[in-house]
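We call the chains A, B, C and D, going by the order they appear; numbering starts again at 1 in every chain.
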Amino acid sequence: MSDKPVLRIGLIGTGFMGKAHVFGFASAQKVFDLPYRLELHAVADVTEDAAARAAADFGFAHATADWRSMVENPQIDVIDITAPNALHKEMALAAISAGKHVYCEKPLAPMASDARQMADAAAAKGVKTQVGFNYLCNPMLRLAREMIAAGELGEIRGYRGLHAEDYMADADDPWTFRHDPAGGGALADIGSHALATAEFLLGPITEVMGDCITMIGQRPDGQGGMRAVTVDDVGRAFLRFANGAQGSVEGNWIATGRKMQHDFEVHGTKGALAFSQERFNELHFYSTADAPGRRGFRRIEASPDHPPYGRFCVAPGHQIGFNDLKAIEIEGYLRAIAGEIPEPFGFAAGLRIQRLVETIQRSSATRQWMAVTA
Amino acid sequence: MSDKPVLRIGLIGTGFMGKAHVFGFASAQKVFDLPYRLELHAVADVTEDAAARAAADFGFAHATADWRSMVENPQIDVIDITAPNALHKEMALAAISAGKHVYCEKPLAPMASDARQMADAAAAKGVKTQVGFNYLCNPMLRLAREMIAAGELGEIRGYRGLHAEDYMADADDPWTFRHDPAGGGALADIGSHALATAEFLLGPITEVMGDCITMIGQRPDGQGGMRAVTVDDVGRAFLRFANGAQGSVEGNWIATGRKMQHDFEVHGTKGALAFSQERFNELHFYSTADAPGRRGFRRIEASPDHPPYGRFCVAPGHQIGFNDLKAIEIEGYLRAIAGEIPEPFGFAAGLRIQRLVETIQRSSATRQWMAVTA
Amino acid sequence: MSDKPVLRIGLIGTGFMGKAHVFGFASAQKVFDLPYRLELHAVADVTEDAAARAAADFGFAHATADWRSMVENPQIDVIDITAPNALHKEMALAAISAGKHVYCEKPLAPMASDARQMADAAAAKGVKTQVGFNYLCNPMLRLAREMIAAGELGEIRGYRGLHAEDYMADADDPWTFRHDPAGGGALADIGSHALATAEFLLGPITEVMGDCITMIGQRPDGQGGMRAVTVDDVGRAFLRFANGAQGSVEGNWIATGRKMQHDFEVHGTKGALAFSQERFNELHFYSTADAPGRRGFRRIEASPDHPPYGRFCVAPGHQIGFNDLKAIEIEGYLRAIAGEIPEPFGFAAGLRIQRLVETIQRSSATRQWMAVTA
Amino acid sequence: MSDKPVLRIGLIGTGFMGKAHVFGFASAQKVFDLPYRLELHAVADVTEDAAARAAADFGFAHATADWRSMVENPQIDVIDITAPNALHKEMALAAISAGKHVYCEKPLAPMASDARQMADAAAAKGVKTQVGFNYLCNPMLRLAREMIAAGELGEIRGYRGLHAEDYMADADDPWTFRHDPAGGGALADIGSHALATAEFLLGPITEVMGDCITMIGQRPDGQGGMRAVTVDDVGRAFLRFANGAQGSVEGNWIATGRKMQHDFEVHGTKGALAFSQERFNELHFYSTADAPGRRGFRRIEASPDHPPYGRFCVAPGHQIGFNDLKAIEIEGYLRAIAGEIPEPFGFAAGLRIQRLVETIQRSSATRQWMAVTA
């Protein structure tokens, strides 16, 4: 291991997501044979104190209250941004300009126009980027994609995707940044995951008809009054795919009782897949190649046959957890930085999701079908 | 029992559906305490022979090749139509005109305009009608409706409904009457069930945006050639309900692997319901009234607590079958004829479904949201 | 149909089970092409009045308060016994002696010694008999047996069977005939079903070690006092099968929350089956012949590929109900009377179950493994 | 964090389990607020080279080929044993003798007599011990135990437990150390988990009747010949608990198709629980306190309401993975070392499991019920 090149990380933001990234770096190093030895070089937070505390807790060598200095630091290779969404763009552009690779939590930016600037800058500079869409890192989703690509379902005709939860179902819960008209709403927040999965499996969506609805029109403002909510609580769309398939998608944060209904169903000419994130170590597969009278959805349990599951558990049925997906994300990103594989989900992919979200929102507002531009 | 009034049935059509109705009459009499004693008076088929054979097989006293004579027969109280869809209108109008109650299989008529004539005629004449939408007769659907009406879910915000099967998934299967541009397609054939369930539970749909797609553009014509298909293989819609809820619905007959995905999910402010016809003796109920840490979707199994399940099985868990739903349908219709309850699903309801289907189809064709007229 | 021979039924007992049999006769005639035309000839009950009322309700031509006269009636072909268990033996022996075929509800008799007399008498006389074990009539159980017989699971190694419900879980429920030391208890009442399924699938059980426990030692006697209970609330056993397999079985009527946990799992060298009566239109099949990475339990839904499901429903996924199993039982019995097939579950089979139950009970009492004699 | 006392770890064994422990130490430190700062002080392996490589890979400061010197090292506080089972006793006794706390992978020792020596030594010396039974660390199992203890199920009457997998189902797989007559077999290997869960939930088992069967009597010896197998492939038992409950348990490593069927069902007078490790982020709860007609098994999904789930995931539905259970195990052990809580699963508990396994084995061999001695 000592002869591996070192990759030095600079982390901006020390909240829950920052901690999750640090944990992911540690896990990825334990679990995978990475192309680099990671070094937690520096961490930036709003104050020197907070940064110093985080450095001690997380194991970074240096701490700073000035993220700009960190971005300029020639000893750092990757800038990892887990700061509030509104700051992603400024930080990422600075880091790219300094030639750093950039790892940025989702959403890339509140608006597709911002995301485009970021993606363009990264492409122009030739740095490697990653946006945190870790549902896609599930071995069972990779399996699904491989099965589709290999033709195990035949030609794909239909898709039904969801991401529904209930964390905004209580109308007494206060207005938060997630309700900000600039970039907020259920479709942007979690429908984006459903859209990412849809394109991950079937390829580009070409046309959409959106339906975004605000069901809870105002929420407590935290100061005794009420504040209007204009973003969608439910955002859904009809879809057309470049491969000829049709389908639908829904993002919903008021789906009472649902905690993680990131589900999909794919129908092909020779088979089908059904998946629910509620039981994300399983993939259900129906094949018309099975004998008549013996057909049925088959519950495939995650196993070492489904890489990289075997990196985490030596036998089937043990199950990986949500946090393990972050380690998988990091491994993919590092292999992309090393040039071994294309970026798994770089800024261009993050931009793509923002574009899909905005096109659906615009379609809903104008009540018109809309083409999705590249 | 002998002191009950007699109700005399005249059946038109002796195919699978005719047999199912006869079986339903027999079951209903065994299982329920009906307001009438049923008498299988006469059966009509295309030929005297076929009718005579059916009379012997099914236990009718008389047989005829002339359905018109049967409709005029003063000894008959109820005309039961299980003839091909294209004949429903003519037969029903004749029967109504003769003052008969009319029981008609779905769809009421291929076109809403025809259905309206039938519903208007029945209303003008004051006869009692029934259309065969027997999914609604499931005790668990009645339970769901009662729970919603009683406020156990709070205010209803969202709905997601489906009826997906795969009986048209094989592109090599030939063109049939179900592909007839006049009234055919997945939305009309089975999406209609999903629409009926949606309004059964939440009340009127007021506005729709439709998306009807033909995925298999031609099918064998049975004579060595191919015949174009223009009806939808998948028909879905965004929905707005009069009660303020929003939702979506899908009819799909190319959903590979799915045999009976007549499913729904209802989200309210205080609870939720999830149902699948694949396991139709169960209803899953989530309540925010449960203690924190003890909440979850509760699998309620059909039991004598859910009438009229107890008429069929003395204990929970035994499960009723699909054919039992027909007996429940018949019991409701007979009680409506006796004036005990309103028509469970009369011609006006059948018309309503046709109207919903056509509005969604028209919305899809024009790519515009449309109001659903009463 | 008119050229079929007539088979005349004489029914003893008009309670719930009597009604279920009549309903079964009607269903079987509608659904199947039976070898006979059934005639409901006479019904016997304790009083003339009760019998007359049942005759009118159920459609029997004659009624009597004297079951012995009915048994002697030369016009009757089949005596159908749904009277209390304690009377089964006397009635059956009389009917057999008169040369009638006998259809008897389960349990055949409270004690194996009685059941043996009945089975011996039927064999000596050459009449055809049937005991009501209708769980075995489920098309998915037939499928399971066929798959095992055809070697689809390879050599069978292990079995795990259950029949657990909670209808005796409430200690405040009164003492009933089911608690009678002569023949009562959970193992006899429902464990018997689990044993029947075990032998239906794997063949003879050769050795058992039993464990029968009374958990609720007394119950209200209905007169203000308490009455001791000595029969088992839970009865389980280790099993050895003649085919070399080993396994276990449990009957349990205090399994809180369970309504119909008649479940099994079969493990073979090449595959496995898992089944739950809670969802009895499904069979779950695991095959090692599936490709690595694609293996999993496959949810086979009942379909016309699984006879005689297609007699009830024209398409998969519709689902048969518990009462439909009775019609299937009757069809098998009639075909056995006609000599087309062996008795599906005659008195010898009923005796076998009693013997298994008693051997397990004796094994439990003596705390010794015991061989099961033929 | 810097003011926490340091706890120095010495690890013996660098294979898969050693790596899992190191990973668990890292995770536990990230996720929990531990009472100690952990220091990976030294690692021992068979050769200096292997030890040095592991030290570099895992982050230990020192490496040695002499585990005895490590055990004597006064700078080390905890000896962590992941060496082969046959060495556990010698290493643990040496470590205890040197006053170290000892963390030992399961099984504690092949024989209960050895385990007793180890437990006695630890007790006499007053060191804190831990055996790796991490299934018990699942937040949903803790929830189950709390619900039972709080009386949410009423008085407990029945238990059904399993641990079934299929990793030994292929008769062509070779003989391994798991088949060693000294301590091998399905009951010892995984039935031990089912036994641990049973006592974790219901308290002490007092009496057992065992049934241990060898189904695959010989296996390839890896040198072209065959080697006899005498240990059980399936080991099951009837159980009596000190709290008055009865039940059963099964360990099975030839359960074709099953990868992680560590399942249980608990029946009480007021409620029931059902659990499957196949979906270990769920617990199914039935309560008779629910209203009639609204009862059913409720699928509780792991959430921050179920500590320490919230340490891993901020919201319900995300799901922890198998490896996270190891971090929970370590946290509990460290809190026990700090004197905050009793040992979660110390050597006495490990001994208890060995005793249960051996008593069941002896009961099976003698075909007699046996009391379980303390």
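Heads up, the rule we're going with is that a residue touches a chain if its C-beta (ideal position, glycine included) is under 8 Å from a C-beta of that chain, and two chains touch if they have at least 3 such contacts.
Here's who's who by UniProt: A, B, C, D = Dehydrogenase.
All values derive from a computational prediction rather than experimental measurement.
Visitor: Moving only from a chain to one it touches, give the least number of moves from subunit B to subunit C.
Guide: Step count on the best path from subunit B to subunit C: 1.
Visitor: Rounded to the nearest 5 degrees, what is the angle of the rotation relating the C-alpha atoms of subunit A to those of subunit B?
Guide: Rotation angle between the two copies comes out at 180 degrees.
Visitor: With chain centres defined as mean CA positions, report which chain is farthest from subunit D.
Guide: The most distant chain relative to subunit D turns out to be B.
Visitor: Let me have the rounded angstrom distance from the C-alpha centre of subunit C over to the C-alpha centre of subunit D, please.
Guide: Spacing between the chain centres: roughly 42 Å.
Visitor: For subunit A and subunit C, let me know how many angstrom lie between their CA-based centres, rounded off.
Guide: One centre to the other, that is 55 Å.
Visitor: If you average the Cα atoms of subunit A and of subunit D to get two centres, how far apart are those centres in Å?
Guide: 35
Visitor: At which residue positions does subunit A touch at least two other chains?
Guide: Touching at least two other chains: 258, 295, 297, 301, 303.
Visitor: Which residues of subunit B touch subunit A once you look at their complex with the stated criterion?
Guide: 153, 157-158, 160, 166, 169, 171, 209, 211, 213, 215, 233-234, 236, 238, 246, 248, 250, 252, 254-258, 265, 267-272, 274, 286, 288, 295, 297, 367-369
Visitor: For the complex, which residues does subunit B have touching subunit D?
Guide: Those residues of subunit B that touch subunit D are 143, 282, 284-285, 290, 292-301, 303, 305-306.
Visitor: Can you name the residues of subunit B that touch subunit C in the complex?
Guide: That would be residues 1-2, 16, 19, 22-23, 26-27, 30-31, 56-57, 165, 167, 258-260, 277-280, 301, 303, 312-324 of subunit B.
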